[in-house]
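Note that chain A is present in both complexes that follow, paired respectively with chain B and with chain C.
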Partner chain A sequence: MTRTRKPGVSRRATLAMMGAGAVTFATPWVARAQAKTIKVGMPTILSGRVAQLGTSSRNAVMLEVEKVNAAGGLAGRQIEMVIRDSKGQPQEAARVARELVNTDGCEILIDAEASSGAFAVHEVARDLGVLCIHTNSETSSLTADPKQHIPNAFRTARQGVHDSIVGGSYAAAIAKAKGLKKWATCSPDYAYGRDTTGEYVTYLKRFAPDVEIISESWPKLFQPDYTEVVTKILQAKPQALYSCLWGGDLTSYIDQANIYALFSQMEVFAVNMADYTALTVVKNLPKGIHSGNRYIKTYPATPENAAWGDAYKAKYNEYPTNWSWENATAIMLLAEASKKANSADGKKIAEALRGLKIKSPFGADGTVTMRAEDQTLVGYAIGWGTTIPQEPYVPQVQAGDWKTIFELEAEWKKSKGYT
Partner chain B sequence: MLPLDLDALTGCLASSACLVTQTTSGFIIGMLLFLVAVGLTLIFGVLKVVNFSHGAFYMFGAYFAMTAYQLTGSFALAMLCGAAGTAILGLVFERGFMSRVYGADVLMQLLVCYAFVLIFDDVVRMIWGPEFKSMGMPAAFQVAPLFIAGGVVPPYYLLLISVALAAAAVLGLGLARTRIGKVIRAAAHNPGMVSALGINTGLIYGGVFALGGMLAGLAGALAAPVRSLTPGMGFSVLIESFIVTVIGGMGSILGALIGALLIGMIRSFGSLGFPLFTEGLMYLFMVIVLVSRPTGLFGKEVA
Partner chain C sequence: MSELQADQGAQALDVPQPHAKTRRNRDVLIALAAFVVLALLPMVFSSKFLLDFVIRCAAYGLFATSLNLLVGYTGLTSFGHGMFFGLGAYGFGLMMQKTGVSVPVAFVATLAITFVTALVIGAICVRLKEIYFAFVTLAFQMLIHSTILSWVSLTGGDQGLRGGIPRPPFWGIDLSNHLHLYVTSCALLVIGLFLMHQIAQSPFGYTLRMIRDNATRASFIGIDVWRAKLTIFVLAALFASTGGVIMALFVSGAYPEFAYWTISGEGIFINMLGGVTTFLGPMVGTVLLLILNDTVTRLTEYHGLVLGIVILFFAIGLRKGLMDFVIEWYAQRRDARGK
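Entry: the complex of A and B
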């Protein structure tokens, strides 16, 4: 029987072509998965009222990634950053994080979200098992609470409880020296404002037991006018005022309190004042506001820190923020851990990260450590000082003592039932 | 902490120092709010549209003032630029866009306004950047506050209150006594008849919109030295202005003045007596007015 060939494409040829097509289309994907670049996903806030902080996170990451890539990347693989806007919404942050891993093929996540979003991204990391570094959330429970603990998530941000211990002891020393017994507080009315103020007052009272809070104000977040709060505090006549207002809210508050001469009537402690975003915007910065360090290139007063701040300014034409150093630290730790593990694999890097101590411009003693037990950053520079209206803005910073921080933090964890 | 702190409130009412401080504080909040709300109510009264993008004029006023102040260093010129700039903007916005949706569905007007809220915010972002800015207090007002009967009154706020009161007086008298005022009132009442008499109603509409924009811009300019400037800053002011116009009655200038001062006093004395319920108190007051007098305290029945 003779086979007659029908005109057109045979079944065999069709199959062959499909096979070839599959190979052609699949090859780049294989190449992408195995070869040179490693994709690192980063959800952060690039629009809305805190966009400035998200942008400064991105800037710091890119600054460090360039250096790592120039030195050969992560175990020979060049880092490719995939950075997406979460608009500051937790559900969007979680969606973006999931998409970065599942669709874009990112093997590591840098979670540059504020606290609200960080907890959402944390759940995604728990679900997908991908290596995740939280860079901006300062809410203590994110790493302190054992319920939140997962082996693949780390934090390179400061921690609320550390700040409160140092801030409380600094304020207590001044309260004792100057006899400041009557205190008022004025903080934004949401989780961060309430928690931070509560912890600060706890430690202030612990170090200076005769301090009394005589007035509390809780203005709304992003409230345009604080006049009624300013005059309320003036009526209460406290000797000292604590505030954790930040950003534009803090600068509005200062402008409005200034014309009531509030700053000459009491000592003011504003933890978020010493950040360049606020310091460079306020036109008439009162002298002598006590503030915690956020990022300032003169503290720690080392050539490394000054050089880092200047390099950032040279590249982006503005000073880094608190979020900048926290994100830069994430990349520095990643690079070092990958070198130690000699691998770009998330699990091996996580293994190497635990307990890793690296040289850092932001360390209190020139180093920072990723503490093994709760996978959070310790040993970073933390201190308080008073402001002047021009550079260096906070000429003398009094360093917090990490030994005291560790002791009180352990005690705090116990009181919360975390250990 | 208790939601009520009546001791603090009664203690304040008994002390002249506290009374003066809190009353001026209420005036400051109220008068700035009045300038925004009166434009809103004026535009509604004459044009019969609710200008949801009114907050943007407040925002532009502040940014114009800041830029003018940085360029010239003159505070007076900064105020002038804030007011004049937004007046021109208002005229262009009305002639170019709003005039096309008069008589259209309310939803259509709302949509156009909302679109411009977003567009204006992005324009500010593009020109001035997304980060917050501060204009800074002019040197002339960086002086110690005055003490009146023991109460603290910053000189800048005295200026702010007088400028706003002057604007209210000029506006009120202008509408009641001048020929232009009469024409505007007539146009509000019966635009068809005014038009038939050979008066250019388009011009009047544009003028009223420009006037409303100018007042909001003036409020923004006056607020610029003491409030931080961000894209979207007009939004919260707009919400409160709506509360003012609802309490005072849509279309009534006196209503806007009384409503704004009421809100100011609620905020200022409420923060002493009801620190956790100040916002709630404003809305509660609005609800009571809506239930007892749906047209507002000074609103007229809509025919």
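Entry: the complex of A and C
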């Protein structure tokens, strides 16, 4: 190769580059001065295995933000969302969250991270004192454990322990009615799978003491082949099977178990079945799988909920997910709290959020509440039903009883030493 | 590969300067100057983003440079170096959360834990060569990662160490103050780089290069190859662990991802970007990767595609890291002038 230009960087060019570098680092602070709009930062997972869920979170947030902005924004300030990918890595989630607040000037964080990422963002919120709403992490300890508690962090997601209580009591009723005593479990081998299954079994046994677990399988997360798991369960000949597999894992499992006609040989309880990401992907959805509701537009069976699901579908050409309603709820609560506080200030909104009850398409009785004591969402629609192979997929959902949930949750907290 | 290594050998085996002492004094001066410049940065630029950036550079820079001691200087391509990064983060985080000791004590204890672990793992691994070494280190990394995942009562499993890392002030330094954390990270980075440079320039460092180029010959001269490899394996682990401590302080927690193979992959990637034939190559690579990562993730969620293209450019286009390229280009230019 021949060089056409004299090699070397001139002094002038060097100075220019240094100057450019300095400007790059300094500009964000200029941008911050003009704060007519209010920036809301949102780290979430937009690439990798769960990108679909992150995208559905973003969609739901944008759907709601448009409505809030059309109605005047947060105390007169238009919301501007700044949404970034964390790749599902906690250190990136922490970095992005800090960057959103420190550099982009976001005054509120919507933390749409799963598991460890949510805890990483929680620490950022603790450090920076910024108002933060966790929208996707269902790990109970995030809000139940007093060590985690900070006044500026809230959660608008469902909670693992609520699911287990409702799931356990629903399953126990069926176990008693049908005489299902021998149970098997099959759940992904990580904290969510282990904890959720453990709690579910605890409550199942509590309501139906003669249930016994005769086989446990712990396939790896994102495992492609479930043959050995399916055959192991078939050999154990249980009367019922519980699984908290989700998303692609659940659909692969069902497709593979269908080959062995597993679903005609036992009652199956799959808590994550009734989500459109699973329902619409399974090739032959078996009839009669018991599932907890994730997001489904037929439950709560209200016109508001159906309208919300349809509006989402009309805009994005797919149905919302479990993460969608959780994120939409965050924006609805923010808007309502800001109205109540008549301010867009994080501290005042936080104050207004505590104990706030709002009308919601996702509420069990048409409302949801941000419980003041642990700053987590309660009163959301939670129930179980059985599947049919075509829309509406889960025609009848039996609602969970929030009174029971509260009682058993309090007991659970005590047993964990949280209260 | 062999051609490349031969090239490296020819360069690196330049006769060491006779005045080791003046050289060390010069290094001390450079290190001090670098530290002063870094410490003064916050006064010039008030951007917190810059501070975050430098703290992360310190964490990844120490990690990547220590990996280069293995890859570039000794020819040990470790695919499991990230385990020590994770070990540092977890060791320090757990020590601070569970025992309530002071920060320096926890830091030293973390290094001690890393030392013992690296000694055991290294003793098994460094007997192996090339791909076998790479894979066994990877296997150990996955072992540590799985242990972190399954030992839920201690490590919190895949949720990581939660509840924040307490950091009581010591010697007038309060690490919960962001500026203090920044200056401490800079100090650790500069001291770490200084020490690693001393190792690389010492007779021991030259022994390593000899082992890299021809291990059989080295052992015939009477060098205990196994012991030399083990020593550098353990030393490199200590610096990687320090990087992990900085990262744990930055995110105020520790997560299993820190000990996952992707961290080791990033280390190798950084070394490819920056170049393995110069001491500062990995540091340059770190800055490059972090700038790339931060700007690209701001703009698009298809960052994987962009980073992939960049790595292809370096691997197929330049066929070397950026620093290698710059040094060669500079040498060519000097030669041309000389003529």
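Some notes on this structure:
The working rule: the second predicted complex is superposed on the first by the 384 of 419 C-alpha atoms of A that agree within 3 Å, B and C clash if a C-alpha of one lies under 4 Å from a C-alpha of the other, contacts with A are read in each partner's own complex, and residues count from 1 in each chain.
Here is the rule we go by: contacts are C-beta pairs under 8 Å (C-beta built on N, C-alpha and C of every residue); 3 or more make two chains touch, one makes a residue touch a chain.
Note that this is a predicted model, so its numbers are computed, not measured.
Aligning the two structures on chain A places chain B and chain C side by side, free of any clash. Shared-chain residue A:N342: touches no atom of chain B or chain C. By the touch criterion defined above, A:R98 reaches chain C but does not reach chain B. When the two complexes are overlaid on their common chain A, residue A:K283 makes contact with chain B while staying clear of chain C.
With both structures placed on the common chain, the touch criterion links A:S252 to chain B but leaves chain C unconnected. By the touch criterion defined above, A:S217 lies against chain B but remains apart from chain C after alignment on the C-alpha atoms of chain A. In the superposition on chain A, no contact is made by A:Q396 with either chain B or chain C.
Contacts of A:T231 after superposition: chain B is touched, whereas chain C is not reached. In the superposition on chain A, A:R49 makes contact with chain B only, not with chain C.
Once the two complexes are laid over each other on the shared chain, residue contacts for A:Y260 go to chain B alone; chain C is not touched. Overlay on chain A (Cα): least separation between chain B and chain C is 5 Å.
Taken together, the two complexes place residues 47, 51 of chain A in contact with chain B and also with chain C.
By the touch criterion stated above, chain A contacts chain B in their complex at residues 47, 49, 51-52, 55, 216-218, 220, 222-225, 227-232, 234-235, 247-249, 251-252, 255-256, 258-261, 277, 281-284. In the complex of the two chains, the chain C residues touching chain A come out as 45-50, 52, 56, 149, 152, 157-160, 162-164, 176, 178, 247, 250-253, 255-258, 294, 297-298, 301-304, 329, 333. Within the complex formed with chain C, the chain A residues making contact are 7-8, 22, 25-26, 28-29, 46-47, 51, 84-85, 87, 89-92, 94-96, 98-99, 102-103, 115-116, 119-120, 122-124, 126-127, 139, 141, 145, 147-148, 190-192, 194. Those residues of chain B that touch chain A in the shared complex are 1, 8, 12, 18, 21-22, 25-26, 28-29, 32, 130-137, 141-142, 144-145, 152, 154-157, 223, 225-228, 230, 232-233, 236-237, 267-268, 270-272, 275-276, 278-279.
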